[in-house]
Structure formats: C-alpha cells, structure tokens
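Labels run A, B, C and D following the written order; every chain starts at residue 1.
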Amino acid sequence: MSVDFLYPGEGAAVDTGVPAIEMRGIDKRFPGVVALDNVDLTLEPGKIHALMGENGAGKSTLIKIMAGVYGKDAGTIRMRGRELDIRSPRDSLKEGIKVVFQEIALISEFTVAENIFLEGYPTGKGGSIDWKKIRADSAALFNRIGFNVDPAARTGSLPVSQQQMVEIARALAHEARVVVMDEPTSSLTPNEISLPFTVIRRLAALGIAVLYVSHKLDEVFEIADTVTVLRDGRHVSTRPIGEHTNDTLIQDMIGRRIESLFPRKRGAPGSKVALSVQGLSTAKKLKDVSFEANAGEVLGFFGLMGAGRTELAKAVVGFDPIISGTISVDGRHLMPHDTHTGVRLGIGLLTEDRKSEGLMGELPVYQNASLASLGAFARMGFIDKARERKAVQDYVDRFRIKTPSLFQQIKNLSGGNQQKVLISRWLMRGLKVIVVDEPTRGIDVGAKSEIFALIDRLAGEGLAVVMMTSEMPELLGLADRVAVMCEGRLTAIMSRDEATQEKILNAAIG
Amino acid sequence: MNWSKSILLSSAAALALSTAAAQAENMPKRIGYVTNYATHEWYQNVIKGMQARAKELGIELEVQDANLDIAKQVSAAEDFMAKGVDVLIVTPVNEEGVVPLLRQAKSNDVPVVLEGNPVKGMTTMVAICDYDTGYTAGVEAGKYAKEKLGGKAQVMNVGLPLLSATVLRSQGFMDGLKTIIPDAVMVHDLDGGGNPDRALEVSSAALAKNADINIIYGINDSSSLGGLQAWKAAGKSQDNLLTVGTGGEGLAFINAIQNEPSYRIEAAMFPEKEGHTAIDAAVKLFNGEEVPEHIVSPTAPMNGDDWKKYYDYDGTVRTIKWDAVNALQPPEKCMKTSADLKK
Amino acid sequence: MSELTQSSAPRRSVGGQLLGSSQLVLGIILAVLCIAISLAAPQFYSEANIIAILRQCALVLIVASGMTMLIITAEVDLSVGASLAFVGCIGMAVLNSTHSLALGMLAAFAFAGGVGLFNGLVVTRLKVNSLIATIGTMMMLQGGVYLFTREAVQNHHRLISFTDLGAGYIGAIPLPVVIAVVIFAIAAVTLRFTTLGRYLYAVGANERAVRLSGVRSERLKLFAFVVTGLCVGVAGMILSSLMNAGQPTAGRGFELTVIAAVILGGTSLLGGRGSLFGTLLGVLVLKVIDNGIIILGWNQDLQMVVPGVVIILATYLDIIRNRANVR
Amino acid sequence: MSLASTDTMKEGPSMLARLFARQELALLLCLILVITFFSFTAENFFSVRNMTNVLGQASLALTAGIGCAIVFMSGEVDISIGSLLATIALPLIIIMNDTNSLALGVGGALLFGLTIGVVNGYLTAYAGINSLIVTLGTMFVMRGGVYLYTGQRAIPDDAALDSFIALSDGRLFNVVPYSAVIAIVLLAAFAYMMQHRPFGRQIYAVGGNPEVARLAGYDVRRVKFICFIISALLATVAGIILAARVGSAQHTAGLNFEFQVVAATVLGGVSLAGGIGSLTGMALGVLILQFLSNGLRGLGLPTEWQLVITGMIIIAAVAFDEAKRRRIIGG
C-alpha cells in the first residue's frame, strides 16, 4: 500500500505550524527510579528533531512511551489537537507513530524482506500475502537508499550492523506521521552512517516529523533542525540547532564537568601480569587474540558493535568454548576451559546482559550477591545464613545499594543497584581478574559515576580489570590502556596517553 | 518282491490317507489375532492357548496388541487384512469400538472370531459366561460364609464399571451369594480400575470409611489382591475374612491361595482354554461351517487347593492340565449377558 | 537502616516461606476441604481413614520430594510412573533370588537411580528438552518392563521385613509415612539450608548466571534427576511391598499425580521458585480430594475432574494474588 | 575427473550442510530410510493397500498435529487434545443418533471443540496461566467429565449414517481413505496459512519473539488465543475421524494421544520454544512414527519392543536435531 509513498517528489503537503505530536508533562516512575519528571516534547512535521542526553537521561523511556511499550504515569500526548490514548504499540502504530529501536526488533527467523513488512503485509486477492510484491518492493527500497543486502537472506544470519540498517529501512515501508530513530548509528561503521541520514532526510522531505535520538554531537549538528536535551529524567532545553555550540550542548547534557564522572583515586597499575591471553580463537568470532593485563590495571577494550568484545569476554572467563589459544590467570592455565575452573583461578565476568546472564530475578538480593561465594558461608554444606546476610549487608552499606531489604526480589531494583549487587557477587568471591562487559548499560547517570568509582576501586585493590565498552568517554576516563577490536581481531593496543578518539576509531574500523 | 511292493503300496496309501485326512478339514494358513492388552497375564495365557492349538493344527498365528487403545486396534486389524490373513480373531478393546472393523472385515471377506466381548453384527464369539462365573463363585462363597463366617455376608466389591463383562461378574457374584445367604449386602461398590495399585488405593479409603465387611470380591485377581492388600495394610487380621478372586489369570492367585489364609475361592476362567477354543472356532469359520453365536468357554469355581486339579505349577511356570479342563462342561447358554445389562 | 533490615529478616523469611506464597491459598483450600468433608461424612476423621490418607500420600510425597527439586531446576521427569512399576519388579526379582532385603533395595536404587542418571545425561549432555526426553524414557521403560517380566513378580521370599516396608508401623504411624516424612525432611532441609539447595534454586532461576559464577550447573541438574530416580526407587519398593508383588502394570498416570501435586504446591514449571511445604500441601489436597470422594460415596470419576479444576484454580488465584502484590 | 572431484570436495560440505540445514529434507530422508528398511524386511509393507492404510491411520495425528504444531509455534503447548478427542465424540454421536444428521453432529462437535479452545486460550492468553498447567487441568477435567457422563460406557453410533461410515471405510478413487484426504487438505490449507496469510506470519512472529511482535503492533494475546482455538478445532476434526473409525463415542479415546502428537511434532522439528518449525516437518514427523509403528507391527514385534524402539528413536532424533542446530549456530 505504501511503498509508492517513498518515491521522491510526492511529499504530502506539509502542514507547517501545526505540531505533528505534542507531549506535555510526561511522568514515569519505575520501582526505585524516577525515569521521567514532567517532560515536554513537541515535534513539527517535516522537521528533524534531535533528542539528546546521556545514558539514563530518560530518552529511551520517553520514546517507549511514544511507542506504547510503557504507559505514562502522568501527562498528555496530543496529535493535531486530539489527545491520544496509547496503551500498546498497536495503538501507537495506528496513530502513525513509528519507532525504530536501537535494540534490534526483528524476527531473526524471517527473511529481511519479510521483516521490512512485519507491521503490515501487502496482500493480494483474498488477503493472501503478496510475497512477490514484498520481495520486489524491498529490493526497490534498498536500491533507492543504496542499501546492499539480499532481501531473501535470513535476518538472523546478517551482521548486527546490517540488521540495524534493515530496521532503519523499515521506517520507510509504512505510512507514518512521526518516525522515531533511537540511536540508529550505534552499531554502524562510519562509512555506513550515510544510510540512516539518507532515510531520515527522505522522511522529512515527505513531511514526516522525525525524532532523532542520539548522544553523538557531530551527527546531531549534521542533521537536526532542533534539539531537546534531557538530563536525569528532566527536560533541560529545546533550541534550534543554530543556537548551540558543542560546548553548550555538552553543558546541557552533562550539567557538570566531565572529570567528576571519572574520579580516579587509584595509583599507578602494578607490573605483575594477572591475565595472559595468547592466540585465542573461537569458532564463531575471535581470531588470534593475544594480550596481557596487569594487576591493578584497567584494560579497556573498544570496538563497534559486532567487533567481538562480548565474545572475547565470554571466552576469556571460560564460558564459551575456544578452538585454540591459552589463557592463564596469575600464571595458571585455565584448563579445562570452563567457568568452574575460571572462578577457581580467580577470573570472573560481569556480564553486559544482566537479565539473562547475571540476575536471578525471582530470587532475593542476598542470594544474588552470595551466589559465587556460598562455600565461604557454609559448614558441612549448610549455609550459615546469619553470616551470609551480614556479609551481604556490609556490601549493601558500603556500596549504598538502594533496596528495601535483603529479601527484595532483585528484579525490582533499579539497573544501577542491580549492577552493584552483581559486582558485590564477585567481590565477595575475591577475584584476581574481573572482566566487565558494558558495565553501565541501562544504568542511570547518577549511578554511573558510582559504578565507575567501584571499578576504579577494584583496580585500586589490585585486581586486573578488563573492561569492554562502546562508550568512548567511559573508555578514556577509566582505562590505563586501550585495546581496540575489529571483526574478531585485536587491531591496536595503546597507552592512555597515546589514545585519542581518532586513533581508536581508526583502529576500530580496521 | 511282492512283499516289498505291498509295503510300498500300503505306505503310499497311508500317505494318501493322511493327506486326505488333512484336507478333510481345510486349514487356514494364517490367523491374525488382535488382542486388547497383550502384556496382561490373562491375555498372555490366552495367547499361549492359541499358540499351542495353532501349532498343533499347523497354522501360522500372528499376534498384535492394541495395548488398550481402540484406535490402535483398528489399525492393527487393518494391517492384518492388508497382509491377507485368512481369519481374524479380535478381543475388542471396547464392544462398540470394533463395529467398523467388523464391517471392513466383511467387505474384505475375512471371517472374524471375537474373543471375550460380543459386538453388534458379529458372526461368533468365544467367551466365558461372566455372570455365571460370578454366580457359581457366589454360591461357593455363600456356602463358605454359612459354614465359617457365621452366615454373615458383607461384601466389598472391587469392581470395574468400565466393562460390561466385569459388571456382570459382580452382579452374578452377589446373586449367587444371595441364594445361600439372602441378606447378603454389598457394602462397598468400588472402581478399582482393574489394576492392583488403584484397587489398593480405593479399597484403603473404603475400608477406612467402613471396615465392617467380611468378603472381598474382585472382578479379577489384581482387584481382589488389591482389596486384600488394603485390608492387610489397615492392620486387620484375615481370620473372619473371605477373599474371592476371579480369572485365575496367572501366578498371582496361586501364590495368594498358598500364602493368604483368607484367599479361599477363585473363579477360574482358564484363559488357555479360551485361546484354544478361539482357534477351533476360527478353523470352523474358515471352512464355512455353522457355528453358534456364542461359543462358551468353561469356567469353574475353585475352592482352596482345587487349582491343582487344573494346573501344574513348578514355582515359576504354570501348565494347564488339558484333560481336566477339557472335561469341564460349559453351559449351552449364559444366564445373563451384556444384552441384559442394557435393559 | 542495616539493623532494621536485619531485625525484620527472620520474620519475613518464616512468614514468607510458610504463608507468603501460594501455600496460603492451598492451606485454606485444604482446611475447607477437610471441614466440609468431615461435616458431610464424620468417618473422614476416623483414625483408620487418616492413616489411609497418609499412607496414600506417602508414595506420592516421596517421589514429589525429588520432583520438586527437579522442577525447581526447571526440568521435569515424566518417566517416574513407568519407572515405579519397573523398580518394583526388579526389586522383587532380586529379593526372590537373594532373600536379602538390603540387596533388593540396592538393586531397586541402582536401577531407579540409573534411570534418573540416564534422563539427566540425555537432558544435560544431549540437550534434549526434558519433557520429550522423559516421554521417550517412559516409553522405553513401559516396553522394557514387559521384556523383563510378562507377569507380576510374585513374593516367593516372604521376608517379613519386606512386608513391613509397606504395611508395618512405627508406633501408630505406618512405616511408609515415616519413610516419606524422613525423605521429605531431608529434601526440605537440603533445599532450605544447604548450599546445594540454594544452587538448585539458582540453576532454575538463571542457569547461565550460575554457570558464570563458576558452579557446574549441569551437575546440579544431573543430581536432581538422580535424586528423583532414587525417590522412585523407594516408592517402587514400598508399592511392591503393599501389593505383595512386582506389578508391571502399576504406576499408570502416577507421573501426572506427582507433577500435579508439585505444581499445585506453587512450584513454578519455569524453575527457581517453589517449596517442599507447598508440595506437601499439594499432595495432601489431592489425596484428601481422592479420599473424600470415596468417603462421600460420590462418583469416582470426579477424582479426575476435581484435581483438574483445583490445579487451574490454585494457579490462577496465585497469579491474581501476585498481581495484587505488585500493585 | 580430478577437477570435478576437487570441485565437489570444495562444494561438498557446504552443500551437504545446507541440505541438512533444511529440516524437512533431513526428515524426508529419514522417512525414506524407514520405508525402505521395512519394504525389505516386513512382508507386504510396500503395497498400495498398506501404504494407504497407514495414511488413514496417520490422519488422526496429522490433523491434531497441525493444531499442536501451531500452538508450539506460538510459544505455548496444548496437551489437552487427547481428552478432547473423547469429549467431542459425545455431542457428535449423541446428536447424530437423535437427528440422523451428520451436519448437525459435526456442528455440535465443532461447537464443543470451540468452547474448549476458548477456555484453554482464555486461561492461557488472558488469565496468564502457564499453558502446560492449563491444558493439564482441562485434560483431567475433560477425561473425568466424559467418564462421569458416560458412566464409562461407549456410546454406539446407532444412526450409522452412510456419510459418517464413509469417513472410516470410504476411499477416494477407491484408493486413498477419505480421512487421509481430509487430513491432507487441512494440512495444505494450514501450511498455506502459515506461509501466505498475515495471521500465519503473526503466529511465527509471536512465538519467535513476542516483544518484537508486540512492537510490530500485533496483539500477542489474541494470536495465542486463536491458536488454542485452532488447536481445539483441529483436534475436534481428529476426534470425528476417530469416532468414525471406531463407530462410537469412546470414553477412553485418545488416551496418551497427546504424547504421540507432541513427540511427532517435536520430531518434525517444531521447537517447543516457539517460532521455529513447519507443518511439513510436523507431517513428516507423524509419518515417520506411523510408518515405524506399522513396520514394527509388520515385523511381528511385540508391543514392548515397539515401545522401546519408538522411545529410543524419539530421544535420538531430538538429540540429533539439537546437536545439528548447535553446530549451525556455532559455525
């Protein structure tokens, strides 16, 4: 029905002056966190509006409310003066609001073409799906925006960056009044970034209001007409892009000096090698990765999405199988290659995927904290619960973990507090090497600096910290040395002083 | 020369004669038997009886098991017909369920002998008289009760409402019992599922409710033994108790009679004989002979050690004494059949 | 703050364990059932009947104790019914040939534990979904038992100690009930107070997290399968003692009764949640219903209908209660 | 020659891997293997008569298997189908006996099936109870209800309508049993739906990733609800075929049927986790098990061996499939 829609020169008459969507006084609370506090946002048709803010500023929550994923606790959403009652993604789509999420929202078993049309299949006579049209239209669509991928490929078999481009292309396949793009470039390489921009400009030309969510300044300056900044769940400013400079934007986003986010208290790293990895390869991703990490050092690993950071993290701790290479912790080989041995030798992983690999959501906080060190509280296999709880309580106090009690189910805690519990899990066990994978993912900005302080403290206490991150400030703020990965290979290792954004990015592109 | 010639001749004649004898009764080459539940002892022994008789007559017997699944029974019979058996013998999983099967057999010109249960539209059935079996055992139980239990008869019936045959047994038992002890009552009428653990469970509950009984009747050996085990588990003595089993299916009842003081009467149904008779009926049908609709296979109540008359038992295997069993005279007609139940 | 949490801890845990979750609903259902049945039929409260109920509960509770552990690890075993029958036959056969209760029990345990081990290996090593794997094992056992014996294995050894296993008493309490209580207690203590128990919950709640913590999650699941198997070994021997024979036909539908009791007790099929007290209540509710229907002289077919309704109802009430708590 | 062989050596593994990655092809190979094996060993196995018989016998599991597979694909399970087979035979036979009308009987049965599907679907999709528990519960309730209502007596088909009898005895062109024809038509229709109707794709999406499906505007609960209704209605059709094959309403009909169907469906590569598998695969799974049991019967193997072998094959097949899946994801 709507693919013709994207052909140029057929832009609908733009109703300038009348907002495409108007959000007023939006509040949203989660257990323990105020995610949004009285936020306003107005989008104009045919205009590209950037929404900026750090992780945890409330950008995701706001667009999830637009998408109908979350309900709002207070406030109104109006479209052309009419108040909307959005209770589900279905309602939102019906109103012409299309959100492209950062997390891939594709069915991996389906073909690319089918995913493009997931929200409404073109049907032929009798309501059957017109597969020919789906294939032809998606091919035409890809052609038009210069996206080179086989529409008949199974989506799950594509690299993450291409999956994200499929997501973006999807925005063009359906009629919409408002399109939201949530960090569409997060897993793209710089030479792929032109694709989302092509799509976004086309959308705007068609009179669609575009909300571009990002924390990358250069992108915003390149494409946006207007910028709204959120910080800690509150609206900070909305101004035309012309009124902003790099500095004013950063000022609005951070609200304080960047150094305060990374309080470095620890001394210089030691010289004793705590972790040595030689020639590590896995069947899936890693190719001949070798590095060493010293006690007391934070070794930061940077890479674009799909570079193999998480794979490296999992292989190093013994969670995923390897096909060749050796890992030694404090001089002892990780053999056999499993986590049981790994933890015994003193290496553990703070996972990026808390929900499926870290938390036992149904279980109380104290059981989550003591999981790796139960043996220390047990006599003849019986747990000394008093001792266990006291130990956990110590960590709760020291790390200021906000929880109503030790018996609270951990799924009810905020991301930051969950992360602190998981860090406690490893500290209670006592490790020599900790691998932290995207330690601040899904954590609000206040808690972020606490997590950084914790990581700093870990290294200060003599642990080797191997940190996987895609956040440049995090990397530069915390790491003693920076390692860069690209497509499963280690492409560069540089000291803190050598490392610049450009150097790192160049190495990341490979 | 003559002498040798005559020997040759006579032996040839003998040969011709014996062939003629075999041809007089035309034997089916192959019989297919679809049983209800081959892993059950009763059917094990029915099959043994069939195999023995088929071997005697030089017939190839194939057995398929429905394993209590009517759909599987129909499939197995279809397989047999596709394979081209000469006669089908079927123990219906359920009387109503094999009607289409008989229809199919008829259209394929395969004669069918039913074992156990009658089916609408059947040619012939080999079966015991369930009511009569219960009845004669009931009479014996009455005599025993009059003599040893002070003329009182309070019955726990570990029954199986699932099958008309087992309902008839219970009815027959009570009716037979009442001919001797008119004020006999059925205190509990239970569904023991025909299997021992279920029988044990429901009997335990029933005995807990009211243990004022002195006769346990089971529609098969598993049921009576389940009832008896419940009695023992409740910590009761067997002194004033009579247990009556039905079937004589396998070794369980022999073991019980030898070891349980209350287990005095067994209504034996001689499954081996039933199998034997079924093969004979199949041969007759194959030859187009006239057969009665109901060929009765004999049963007999066995008091105490009477079983030794009919069976040899070496501790692991029992062997039927054909002479004794063949000497039993089955009734021409049953006193009551499942048709009477529906009235 | 710290003291506050500390002092509130014990109260919450006791309350939480005994009354907090679905057990409250179940406890009420059980109480209402008992009162209603005994009002309608006073025999319900007779000593004989209570003992009969307890003895019936014993078999289910023994296996349900293991099954609770297993379901807490997010796996399930459908082969327990078929294994129950097989164990009885093997135990009896070994008893007959050795005249030693110890050897008979040993054989039963070895077999039942072996079945558990097999299931566990298939699930943890071959990664076959436990529902399917144990359906397969169930079929193999159902067939296998008839390959082993075509007839019930009779009691030729006449060991009194064996008979006592099912019919004996300790004081006024039937021996199977004592055995069940002991197994239940061991399992309950294990689940609540030991590292092992804690790990079982953890594996069910998030296997990957447990593995990342350096715990061998596969061994834990294997353990739960083997324990379930061993429980079947005990129950199988008691059942064969009660029936005075090894019955190849026994145990039909037993797995569903056991699983129904565990689920009814609030143990989540998704793992990580549940308790043995809940299972105990679940077993009691199911068996009181069974018994009550006979005591009241109702149609025995209701013994299938009522538990079906109760399982759905109890789960639903639990969900509603949880939702209310969240709000 | 040598060139060609190096070529095949280069292409070989990937070609083979791709071939085996197609679940259906591997299953088809397996089916051919089973049929070939028994054709040589079991007498009279490879005959038109026997083959079409097996199709007729498989029609039950094929029909109900469609529903089972669809519910699996949506990420749920339905184990109440066995009891449902027995339940819907009651209105079918009773109404036919009273009215002498096949249409009314079938209509009544479908209405009954629909109700059961609504109950299962509502309790799962809207009340949020785990579908295994729901359908375990309704399985008990229905079976018990049938026992209660019938007093554990089968109800004979006294009407004996020709049209109903044809369902059991009739053969299209005197070759293919009508029951098999029905199963094949339904299979084709639903396979078409799963591939070519938006709703079919919604089922895959909901089972594959409910969150994504929700974001795409699908009503996840409604999709699951309808899947349960489809499952119940197809089981109803299977129940009608069974009632015709056994000429009565059987209270024990379909005991353990759910196990057979679940096993065949999983064997056919339909994942219990949802979103993966095809109806073709399911059908091949059913046929493999059906030909296996027919062949084993043909060999004259007793029940116990049939059970043992079937059990082993189910475990082995699923384990093989799992190993293969892991290898594909791994490499």
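What we mean here is this: contacts are C-beta pairs under 8 Å (C-beta built on N, C-alpha and C of every residue); 3 or more make two chains touch, one makes a residue touch a chain.
Given the structure is predicted, the values throughout are model-derived calculations rather than measurements.
Trainee: Applying the touch definition from the top, give me the chains sitting in contact with each of chain B and chain C.
Mentor: Joint contacts, listed by label: D.
Trainee: Which chains make contact with chain A and with chain C at once?
Mentor: D
Trainee: Taking each chain's centre as the mean of its CA atoms, which one is farthest from the centre of chain C?
Mentor: Checked the centroid distances; the maximum from chain C is A.
Trainee: Decide which interface, A-D or C-D, involves more C-beta pairs in contact, and give its chain pair.
Mentor: C-D
Trainee: Taking the mean of the C-alpha atoms as each chain's centre, how many Å separate chain C from chain D?
Mentor: The answer is 31 Å.
Trainee: On a C-alpha centroid basis, what's the spacing between chain A and chain D, in Å?
Mentor: So the centroids are 42 Å from each other.
Trainee: Using mean CA coordinates as chain centres, what's the chain B-chain D distance in Å?
Mentor: Using C-alpha averages as centres, the distance is 37 Å.
Trainee: Using mean CA coordinates as chain centres, what's the gap between chain A and chain B in Å?
Mentor: The separation of the two C-alpha centroids amounts to 74 Å.
Trainee: Going by the touch rule set out above, which residues of chain B reach two or more other chains?
Mentor: In chain B, residues 39, 191 touch at least two other chains, as defined above.
Trainee: Would you give the residues of chain C that are in contact with at least 2 other chains, written as numbers and ranges?
Mentor: Expected reply: 146, 301.
Trainee: Would you pick out the residues of chain D that each touch at least 2 other chains?
Mentor: 152, 302-304
Trainee: If we use the touch criterion from the header, which chain pairs count as touching?
Mentor: Applying the touch rule to all chain pairs gives A-C, A-D, B-C, B-D, C-D.
Trainee: Under the stated contact criterion, what part of chain D meets chain C in this complex?
Mentor: Residue positions touching the partner: 123, 127-130, 132-134, 136-145, 147-148, 152, 259, 262-263, 266, 272, 302-312, 314-315, 318-319, 322-323, 326.
Trainee: If we count contacts the way the header does, which residues on chain C are in touch with chain B in the complex?
Mentor: 41, 43, 46, 48-53, 55-56, 146, 150-152, 154-156, 158, 166-167, 169, 174, 239, 242-245, 247-252, 290-291, 294-295, 300-301
Trainee: For chain B, which residues count as touching chain C in their complex?
Mentor: 39-41, 44, 190-191, 195-197, 200-202, 204-211, 222, 225-226, 229, 232-235, 250-252, 255, 259, 315
Trainee: What part of chain C is in contact with chain A in the complex they form?
Mentor: 1-2, 5-6, 8-9, 12-13, 16, 193-196, 198-199, 201-202, 205-206, 208-216, 272-273
Trainee: Show which residues of chain A lie in contact with chain C when the two form their complex.
Mentor: Answer in residue numbers: 317, 319, 338-340, 342-344, 348-349, 351, 356-363, 367, 371-372, 374-375, 378, 381-383, 385, 389-390, 393, 396-397, 405-407, 425, 429.
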